[in-house]
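The structures considered in this document are given below.
Next come two complexes built around chain A: one with chain B, the other with chain C.
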Partner chain A sequence: MSNTLSGYLKAIRSSLEAAFCVRNFASQVVERHNKPEVEARMSKELLLQPIVIAREKGEKCLIEGSINSVRISIAIKKSDEMEEVLVDRFSRFLAQRAEDFVILRRAPVKGYDVSFLITNFHSEEMKKDKLIDFIIHFMEEVNSEISALKLAVNSRARVVSGTFLRQFV
Partner chain B sequence: MLLLEPNNKVLAETISAQLKPLELIENDDGKQEKAKREPIDVRLCDFDDVLYHVLVSHDARDTLMLSVYLPCWNEIKDRGGLDALKEHYGDFISSSKEDGYDVTLTVNLDNPPMKPEDLVLKLSSIKSVLVGGIFDRYFSGLLSAKPVTENFTFKLKGDTQIFMVPRAERVIIVYSLQFNDKVDAAIAKVFMQEFVDARRRITSAPPCTFSVNPPLELKEFGIVEPIPGNLGFVSFAVEKRNVEGVRKEKVVFVLQSFRNYIQYHIKCSKAFFHSRMRARVVSLIKVLNRAKQDVPAGQKEMKTIQGKTFKRDV
Partner chain C sequence: INAEYMGILQKNMTEQLANAISCHAWNRDQSLIALSPNNNEMHIYATNGNVSDASKWERKWVLDKHGGPVSGIDWAPITNQIVSCGHDRNAYVWRYDEKDNDWKPTLVILRINRAATAVKWSPNENKFAVASGAKCVPVCYFEASNDWWICKVIKKHRSTVLSLDWCVNNKFIVTGGADMKCRVFSAYLEGIDPSEDDGFGEVFPKQHEFGEVLAEFDSAQSWVHSVAWSPGGFRLAFAGHGSNVSFVQILAGSTPIVQTVNFPNLPFLDIRFLSDNSLVAAGFDMNPAVFEVTGGTEAEPFWSYKQSVDKKDTASSSQASQSSFGATRAAFSATVNQGVQFGKTVEESSIWTKHKNIISNIFVFPPAEFPATKFSTAGLDGRVVVWDVAPLALK
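Let's turn to the complex of A and B:
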């Protein structure tokens, strides 16, 4: 199980290293503006081909590059109703704190759970390889967090039902 | 705290504050006399939309009046509610019922009939005793070999309906649960499935089932299709050996507060999610900050109050 995860993360890491060549580029369309081109999408020649790396149907990663910004969207695996609810809660929790995270996008791209937007200004402030490390680390952390929360609910349920039924014994 | 307590803490505190012995103060003539009790008028609410009204009136400062309103009282009073009221609170029943409430008790504060702590506990558990009265009726019937054969259903609250189906040697109690929130419903489903599984580990517990389709017992009430908007039906088959002796009181309490128990633990789970997510976010931000560039060793960029930026050698 962890074999496919490490392969998945390695593929994402190498794709990110390739897509993550950003430089400052002022907007061609509007004078004196500097927009992230991957969000504005106004000039086709500035955008790179988007790639999707999928581990399975519900777990994939979309990497869209452009001349001055990269947008990374992640879909987290949801195998049952409880996980769906947890992932939804967690991604909303993160999105509300997007300001603290700097590189997080406030709303995820449609079809995905979390989106990051990294511009040339971020890459001037932070080291490129450390940023990529962070994204990979983030994906591992989110997976382990969701499974830990699910386990906590299951163990709480066991204790709750045990105490209740013991009253009858 | 895993199990809920049978009494209402706020009500207990209100009543015990009134039962405290009055202290001696000096009055205007310089003599010692007992302080006068302050009149109070408190309105409280409890689980299952129950309302209380505690009154120590200005004119009668030595009596405390406690009124209780239960939304399901009209359905349960003839089937064990009034019996439970008379058995536990017979001495306190007031002759005049307060408007808008179902039961009114009066307590003499200066000469309480029993120890203050016991009285407080007794009075603040009034809701669980009254609602438990209907469960008690079925279980006493089981124990005394004169079983109650009536099938009965009542709505404990807007979203919980309880069905009681007596059978040979046991009483089957079915709860129909409704949760409006998606997250609550998902967590409750996990809890219900664990209830069914727990029966395997604790062998002498009553058999417990959970399903979206109504169990066969509910055919008697005419319910054969699953009710839309419902989470499902959970049923317990309580046998004679589950309610023998001291267990009856525990069982009655735990069954009448089943929905509140589940709701309490759902809320605890949600609070746990939040604290864990917060901790996780803090650790992720720390990792992100490691990616920030170090300040170059030679120079440090600084700003003056007026906003001019300059570089200073470090």
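Let's turn to the complex of A and C:
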């Protein structure tokens, strides 16, 4: 299990190291503007080919690059309905705090659970290798976070139902 | 300061002049350097004789005429004029006023409606060309009768022009852009340039038609971040986002020969020739790399990657603290000051190169005098590092 995870993360890391090569680029469509081209998508020649790295059907990572920005979208594995609800809650919790997160995108890309948007301005302020470390670490931890949440929900349900039904005993 | 604590700090850390530096240029005798700290200002520092030690430099002028980030600076060595261009669609030519001890700007109307990305003086310093996001390159010259700079525009690009360079004959420019092509244009201006043939007549029959595409290369297959023309005038190079550098040999009477060298690491953002046979490139790797002619003939050279200029300093990394108390204290201060996970050794997590972020710009000096003796790199980490060419043992 962990074998495929490390291979998956290694592939993502090397793709990110290439995709993070972004430079300052003033918009060529709108005067005096500087937009992340991966979001604006106004000029086809400025976008790189998007790549999907998938571990299995429900667990994949989409990396869309451009000349001045990168968008990384992650789909987290959801094996049952409970996990679907938990992942949805978890990603909404993060996305609502996207402003403090700086690199998080407020809405995930369609088909994915979490999206990051990193521009050349972020790479000027933050170290590239630390950013990549953070994203890889996030992906490593998110699965264990979800299973921990699931365990917590199940154990709380057991405790609550036990306490409630005790009055009928 | 505790000697053991100092052991963690990397030796010879270059002084940080700003948060990030987008572009820089030196004057002829390296007594002054002009740089932009990635905003609309241009700072001029005096080196006071210490070219290699940035901590000894003194900031003398802050020029903030631009309305947007300054994207290109070039210093004409003989006429001592600085030209700067920015994302505010303007270019200014700065002339030093001895009386006021200040730099006086002259606005140049570029007639572009998008940002300017790069600017270079021509070798005779009577013209300069500006690369822009308006998919065109204005070539500006000084009209003495009206006492201002006017421009003639080269079109024919399909996307933002990212970089340009002049040929030594003052007539041609090579450009590279986001449309993934490298093109050679004629920037010949009647009345400014001599109409005699200077050896390029056989190579480019339309050499005296302004704006004419003399050659086009697409071997980069990716955005062309930087282009350079060799000091001899018969070689070109351009660097693409695919981590490749293509070398072009211009031949009289036949099509130019292109050789593409693939680089195993991250792409380059700026390349400059150090001589006719060697070239330095730097970019996302934070480490300048040198390419050299390693074989072939004068007419058909074979280029290859020689070495990276910044070398890992193995001596300082083995400097460990003797006592366990000192080692724990060192680990703790590393966590506090550098964000290193507690216990992890500093060598693993810190960046060992002199530049801590990508290198945006190279400037070779003495300007316009070859072979070069030194070159400086400026990066988005706010440092300007000066490198010697001699230890590289180039041909």
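One rule holds for everything that comes next: the second predicted complex is superposed on the first by the 156 of 169 C-alpha atoms of A that agree within 3 Å, B and C clash if a C-alpha of one lies under 4 Å from a C-alpha of the other, contacts with A are read in each partner's own complex, and residues count from 1 in each chain.
In the analysis below, contacts are C-beta pairs under 8 Å (C-beta built on N, C-alpha and C of every residue); 3 or more make two chains touch, one makes a residue touch a chain.
Here the structure is a predicted model, which is why all the values come from computation and not from measurement.
With both structures placed on the common chain, the touch criterion links A:V153 to chain B but leaves chain C unconnected.
Of the two partner chains placed around the shared chain by superposition, chain B is the only one that A:F90 touches, whereas chain C remains out of contact. Looking at the shared chain after the overlay, A:F116 reaches neither chain B nor chain C.
In the superposed model, A:N24 lies in contact with chain C only, and not with chain B. Taking chain B and chain C in turn and counting the residues of chain A each one touches, the greater count comes from B.
Contacts of A:Y8 after superposition on the shared chain: neither chain B nor chain C is touched.
Judged by the touch definition given at the top, the superposed model places A:K127 against both chain B and chain C. When the two complexes are laid over each other on chain A, chain A has residues 125, 127, 130 in contact with both chain B and chain C. On the side of chain B, the complex with chain A involves touching residues 2-3, 182-183, 186-187, 189-191, 193-195, 197-199, 201-202, 204-206, 208, 238, 242, 247, 250-251, 254, 258, 261-262, 265, 268-269, 272-274, 276-277, 280-281, 283-285, 287-288, 290-293.
Taken in their complex, chain C has these residues touching chain A: 19-20, 22, 38, 68-69, 71, 87-89, 113-115, 117, 133-135, 158-160, 178-180, 223, 225, 241, 266-267, 269, 283-284, 339, 351, 356-358, 360, 380.
Against chain B, in their complex, chain A makes its touches with residues 81-82, 84-86, 89-90, 93-94, 97, 100-103, 125-127, 130-131, 133-134, 137-138, 141, 145, 148-149, 152-154, 156-169. Considering their complex, residues 17-18, 21, 23-28, 31-32, 34, 43, 45-46, 67, 123-125, 127-130 of chain A touch chain C.
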